[in-house]
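Pasting in a structure now, in structure tokens, and then I'll have a few things to ask.
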Amino acid sequence: MSMTTSRDVTVYESPIEGSPSYGMMAEFDSAEELMAAAHKTHDAGYQKLDAYSPFPIEGLAEAIGFHKNRVSLVVLIGGMIGGISALALQYWVAVITYPTNVGGRPYFSWPSFIIITFELTILFGGLSAVIGMLGLNGLPMPYHPVFNVPAFAKATENKFFLVVFSSDPNYDAARTKAFLASLSPRMVAEVPS
Amino acid sequence: MSIDENKTKAASAKGPDVCPTKRNQLDLATVKEQIADTTGPEYWRSLEELAGTEEFQEMMHREFPKGASEWLDDFSRRGFLKTMGASLALAGLTGCTRMPDTEIVPYVKQPENVIPGRPKFYATAFTLGGYASPILVESHMFRPTKVEGNPEHPASLGGTDIYAQASILDLYDPDRAKDITYLGDVRSWPAFMEAVKGPMSVETRMAGSGVRILTQGVTSPTLASQIKSYLDANPQAKWHVWEPVNRDNVYEGAKLAFGEAVETRYDFSKADVIVSLDADFLYAGFPGSTRYTRDFAARRNPDGNMNRLYVIESTPSSTGMKADHRWPMRAGEIEGYARTLAAGIGTGFAAGTAGFNNPAGGATKFDKTVATDLSGHRGSSIVIAGDHQPPSVHAIAHAMNQALGNVGQTVFYSEPVDANPVKRGESLNALVDDMRSGKVDLLLILGGNPAYDAPAELDFASALKSNAVETKVYLGTHRNETAELCQWHVPEAHYLESWSDARAYDGTATIIQPLIEPLYGGKTAHEIVTILAGQPGLTGHDLVQQYWQKQHTGADFDAFWRKSLHDGWIEGTQHAPKTVALKSASFSATQSMPASGFELNFRRDPSIYDGRFANNGWLQELPKPLTKLTWDNPIMIGPAMAERLKLNFKDVAELEFNGKKVKGAIWIQAGHPDNSITVFLGYGRTRAGRIGTDTGFDVYPLRTSQAPWFGDGAKLTAVGGIYQLASTQGYQTMETPVGERPLVMERSLEEYKKEPNFAKEEEPAKDLTLYKPQEFPYEKEAYSWGMAIDLNSCVGCNNCIVACQSENNIAVVGKEQTLKGRHMHWLRVDAYYNGPRDNPKGFFQPVPCMQCENAPCELVCPVQATIHSSEGLNDMVYNRCVGTRYCSNNCPYKVRRFNFLLFQDWETPQFKLMRNPDVTIRSRGVMEKCTYCVQRISEHRIDTETASVREGKEIRIGEELQTACQQSCPANAIVFGNLNDPNSQVNKWKALPRNYSMLAELNTRPRTTYLAEIRNPNPELQSGLQSKTEALVPEAELQAERT
Amino acid sequence: MATQTQIPAPDRRVPVIAPGHTFSTITDKISNIVLKRPISLGWIFGFLIVFSMMNVLMMCLGYLFVKGTGIWGINIPIGWGFAIVNFVWWIGIGHAGTLISAILALLRQTWRNSINRFAEAMTLFAVACAGIFPLVHTGRPWLAYWLFPYPNTMNYWPNFRSPLVWDVFAVSTYLTISLVFWFIGLIPDLATLRDRAENPLLQKIYGLFAMGWRGSARHWHRYESAYLLLAGLATPLVLSVHTVVSFDFAVGIVPGWHTTIFPPYFVAGAIYSGFAMVLCLAIPIRSIYGLKDFITERHLETSAKVMLATGLIVAYGYFMEGFMGWYSGSQFDSFLLWNRFHGPYKWCYLGLLASNILIPQVLWLKKFRVSTGWLWLISFVVLVGMWLERFIIVIVSLSRDFVNSSFGMYYPTKWDWMTFAGTIGMFLTFMWLFVRVLPMISVFELRMLLPEAHVHENAAEEVKP
């Protein structure tokens, strides 16, 4: 438990006393509790909230009102760019800029060009999937206020967290705290920004 | 650098000095002069001092502009010194030659009629055993680079032989002797003359009784007259001649038949039926082979009046492989056979006894048929006997030709071409006796290598070693076995460095003119003899000119001289036919062979002849026509015998003959007579040079004057162990367990007449493709190159290989690499056997790049390093090649070659001079292959284009454009030309019914196609030869078992 | 998976994760291998061995660059030797990882979760080994970059019709995609390590690579769709790579290369050898690092079944080759067949049949599928067999093609062998380091295997085993 103590220290020593809080955090023991809490919170009219779990939980995002992401769109565009540019390059090289008689095959021997077109489609698509995902998630982001809560270290192990952001119109430190406490969490803590 | 420049004078082959020295100008040579006797640090200091002088800086500008510009700014003085050092190292080559200042003239002023980059051709002649092969030599800026046949000379008609082709490499052989030496110490030419003057004056007083001159076969009229005049002056002096591969039997046979030694020459163009009694007249080394091949091949046209060739031979030869009927027979039995044959055509001979290899039935039938065939062609047939058959066989052959009325029609007799046709064996024997008995005081050995190749029983080496002979002078190009045993060794000038003359097989004389100043100040036999004759200072040029001046009767000698030089032969020197009468019809038979026991045959090596070419890398690596062996000589035996003795390829065996033993590796040769062994001369040299020393095994110790060519009672025993033999062809039959492969197409004449198109394989239709066919430029261009090879004419003489190697700067890789399968020949000649292994049919197939239309190699090259040119060539772009070797894997014909290691010699300066400047030197990691001699194509294109501009009308490249292989082919078997020109020869050939492309079913659409082989067997003998193939042990699989 | 705890009765199979584990036990067990477990002597000793093997490779390559490809046994006609054999072999092995992560992910085969991580790592290392060969087998390696299309003053480009250029694209794409695939799989675990590491430096390093992952539901949402899309893209990719490799041969006209069966048969072979390698590694690792709870017999058995299946496809490939040899009527193909059975390399071919077809048939018996000893042995035999297969395809085909005069033989030199051994050393070196610095099993995916990971109201959408 040396870990936690060390974290406590960091909390108290942090120079963010009295500064506007980032939000209110509740800790839960299981995915089911978190899910239920998320639903309740969302139903209670909170929009700006987020849930944290050590593994993906189906439906959780929907529960906090996050329904569709645009990763697939990014991938589609990336893949198309890859494929088209590959075919274009090959055509340009083989037919326009430097046509050569290779083994008596026509300059535009399209069957030979399929492979590279395919490979580049995959390459661009794949890369844009990763970059798109990270980008949309705003990663990399080494610092984030939620890390200031000592217990949050368990978010990557076995604990589940729900945060209502102070930017939420209905947010009021006291009331929100009370509301979260009503969801029978393990603890409720204010997240300093 | 400096070398070629230094050589300009003589090389321009025209008397006057092309560029006189300028006083205030230095050149490397002079620099070396000035620093000649300084060494070590001092050496550099003297350089520095020199560097100060103005002339020096000026010279720097001339010699190496780059170095000079560096030189001018002080910073990179060190860098300059490096350059200087390097170039001096290179110049070190000339450093070895001592040349009078007057002759070392840098090439500072452009002589007229020399266009840099445009080669010039000079006519001269290469000699082998005295017999001249007339040639034209290509000279790039006064550096001889390539040998080609002399189209105007009757003995060449444009063809050459492998030895002439490869001789260019001998000129630049870095192992050549570079100094006159006395007991190994360097001496000067004057010193040498001083040294011999003493003994000479003594000798002249005693009418030269102690003087012996030993030469090789001499046909040079000039040299002969020189020696003769000396002998006239000194009647006691003697002139001996020795050639290990000699024609004693020919002259002896003539003596036997006609009572006088006459030269026999043949006209194969008129012969319908040819019977060869062990004569390999289609391979280099047989005097006149080049011309004979041309005439013979011309008569192989199945659409014309095709000749028929019967070969009875004791060792499978390329001639035998071309035969319509071949009969393997032990050499000793051929006489018996000849008598039977002679009896058959009514010469009043008693039929010979049937021998071991011709069991009653077949043989006699064979004899009869051949006899009737001959008798049916009186006046249009030839019976020719091999040089290694005893005189009696030659005599019988003469008798037959007489009886058949061939004399004057197809067979001609004339004066011996040899200037001194003494019997070699006896001549040398006499010399050795004199040497041992101390009669010899001064021995001049002019060329040759008797210490290595003299008959064993004479033990010439020890005789030469002994102090019985006072002064021993050896004139030779290399410090070889003989040179080691003589006190004096005078480096001999290569024939491309010297003035001389020689006669071809028909007596036609050629003036041998130099193309380059002796690289190492070599001397010629002429110059040595001048010392004897007490007329030193006379140059070869003077001597030859004087001689012909005497001969020349007409006016204006100068014109005659120039014409002779230009044409490469002297009008009216051909020996006139001479009528000789047959003495008697019965010749004492040489004792006939016992019908059992092994016969041992000695043969000249197909590649290195009698050993004189042992240090020639091109010839060493030249696959021998039948075995495709390189770098070694095997003990050759027939398959049946191998089976009985349980011997296999590469087994080490001990060969015992006349009580002497040698060890060698076994090679099982299809078609080799049973109970007979063949070994090849010329290997096992101990002092040949970096290339030739310790290759193969020496069989001269077994060879005696009694049995110079064959003898009976040899023993062959396996001693265990394997000796790797490097054969370039893995598999010598087209048969596979699943059927014969359509590589060489062959039919008999009748079958061909019935079905002329037999060779055509159906090629997939052009539109059977995934793509819509594309039009490529070469379909519209002026030129589209193609080649056709007539398998019927090809006699497997290997000329094309050497010519290609010389023309295209192809590297020699050595035995180890050849064993690994990494030889570099762009053009190979495949040899296949088909039919019963004891007497198979043989096929030769030259395989250059096919320049496929749908080239599989191009498709797979990732970097487009090999693509099609606008004229349809399958170009190989060396600079672009990254060396994936994918193209070679995908080449069905396997004609691509790869530089697995750095095979080219980038250091040796001599080779830098030798190479063809028009062809890239390929480096490590690059693929290379036949380009249809694209450099020649470009040259002609440039010519015609400039001509077109000049004339104002379009001029096209015509038939004068020839690839190197085509140019050197004595058989005219290769035709190259423009497919877009309907009248081109190549189109005519491709239009012939027997034209086919190899592996057509692959749809590669080769531009190199073949004319199928047609044999003309005697219908009555057909049955005997048609039988199923028994494949020999495939070489490659054998290796697998062994390793 | 949850079904196991609810209705264990129907599913008699060994579970993919031993009972009694919780989120934290899983996390501890796996992350401690990296963070807490002391470096054992055995590890160091083994590392020294494999690392010196890797240095043999470096030495061989050095000598190769100095002397040229001539140090190998290659020649004309056999222009490709061990280099290409090893290339194809390694690439094949490099297929299991992505296959497991991608295809099995698409098929919702959750048992993959416990083996995909190091299977992917293995893939990367194998592809890295494979990548060496096409580069250095060229005669002039320093110019190998000419295979990439890049603008240059010569205005000259690669030949896009050449399978080798396809290779360049396929392999480099495969390497890149596998790498990112592996990396994003690692991110959540890196976050775990970041939060558990005590050594501040390690915290920093892991934190750097974790990129501030905090497990937000939104992130998970995007993360999962990205992962799914990657899997979707990687699936055709993994199938295409060995197809393209097989084109190196199938596009050629050499008998023994020029067949249409190659793509499927190469892919099957790749998966075959890939799983063999996975087993060869998994079996020792799970016992050494006490991971039997996570890599259970169930995994080994399933992998064995995959091997059996792909092995049979490969067998079918051999059979079709033989059949076509007879059916095509092309004498070159029928000679090829004859040569394989009677030619100088017949022992390689018979050995191939034995090790790739005969011996693996014992996997029909559960006894062999579950006995780790046997399974390891069989996998090893398969690896050897698959290497022999490439030897037959590349070298034996080339040694006997169209023109009899140009038949040849290939004898590997010591450099051939040392280079091959060297790449094995390199592969193992990477593995050695990997197991110590990264969680060799995907922690967050294991968590998902626990029943607690599943929220009941979503039971409908739950994963069926």
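So that you can tell them apart, the chains are marked A, B and C in the order they are listed, and the count of residues begins at 1 in each.
What we mean here is this: contacts are C-beta pairs under 8 Å (C-beta built on N, C-alpha and C of every residue); 3 or more make two chains touch, one makes a residue touch a chain.
Since we're looking at a predicted model, the values are computed, not measured.
Colleague: So which has more C-beta pairs touching, A-B or A-C?
Modeller: A-C
Colleague: Farthest from chain B in C-alpha centre terms, which chain would that be?
Modeller: A
Colleague: Mind checking the centre-to-centre distance between chain B and chain C? Centres are C-alpha means, answer in whole Å.
Modeller: 57
Colleague: Distance between chain A and chain C based on Cα centroids, please, to the nearest Å.
Modeller: Chain centroid spacing, chain A to chain C, equals 30 Å.
Colleague: Suppose each chain is reduced to the average of its Cα coordinates; what separation in Å results between chain A and chain B?
Modeller: Centre-to-centre distance between chain A and chain B: 81 Å.
Colleague: At least two other chains touched by the same residue of chain B: list those residues.
Modeller: Within chain B, the residues that touch at least two other chains are 856, 859, 861, 864.
Colleague: Any chance you could list the residues of chain C touching two or more other chains?
Modeller: 156-157, 159, 161, 165
Colleague: What residues in chain A touch two or more of the other chains?
Modeller: Residues 102-103, 105, 109.
Colleague: Applying the document's contact rule, which stretches of chain C touch chain B when the two form their complex?
Modeller: Chain C reaches chain B through residues 67-70, 73-80, 137-140, 143-144, 146-147, 156-159, 161-165, 168, 248, 251-254, 331, 334-335, 338, 342-345, 398-399, 401-409, 411.
Colleague: For the complex, give me every residue of chain B touching chain C.
Modeller: 729-734, 736-739, 741, 743, 817, 820-822, 828, 830-832, 845, 847, 856, 859-864, 880-886, 888-890, 892-894, 896-902, 924-927, 998-999, 1002, 1034, 1036-1037, 1039-1041, 1043
Colleague: Per the contact definition, I'd like the list of chain C residues that touch chain A in the complex.
Modeller: On the chain C side, the touching residues are 22-24, 27, 149, 155-157, 159-161, 165-166, 169-170, 173, 176-177, 180-181, 183-184, 188, 191-192, 194-196, 198, 207-208, 211-226, 229-230, 233-234, 236-237, 240, 244, 247, 444-445, 447-448, 452-458, 461.
Colleague: What residues on chain A touch chain C, complex-wise?
Modeller: 3, 30-32, 35, 38, 50-61, 63-64, 66, 69, 71-72, 75, 79, 89-90, 93-94, 97-98, 102-103, 105, 109, 112-113, 115-116, 118-120, 122-123, 125-127, 129-130, 132-134, 136-137, 139-144, 146-147, 152-158
Colleague: Quick check: in the complex, which residue numbers of chain B touch chain A?
Modeller: Touch list, chain B to chain A: 770-774, 776-778, 852-859, 861, 864, 867-868, 1005.
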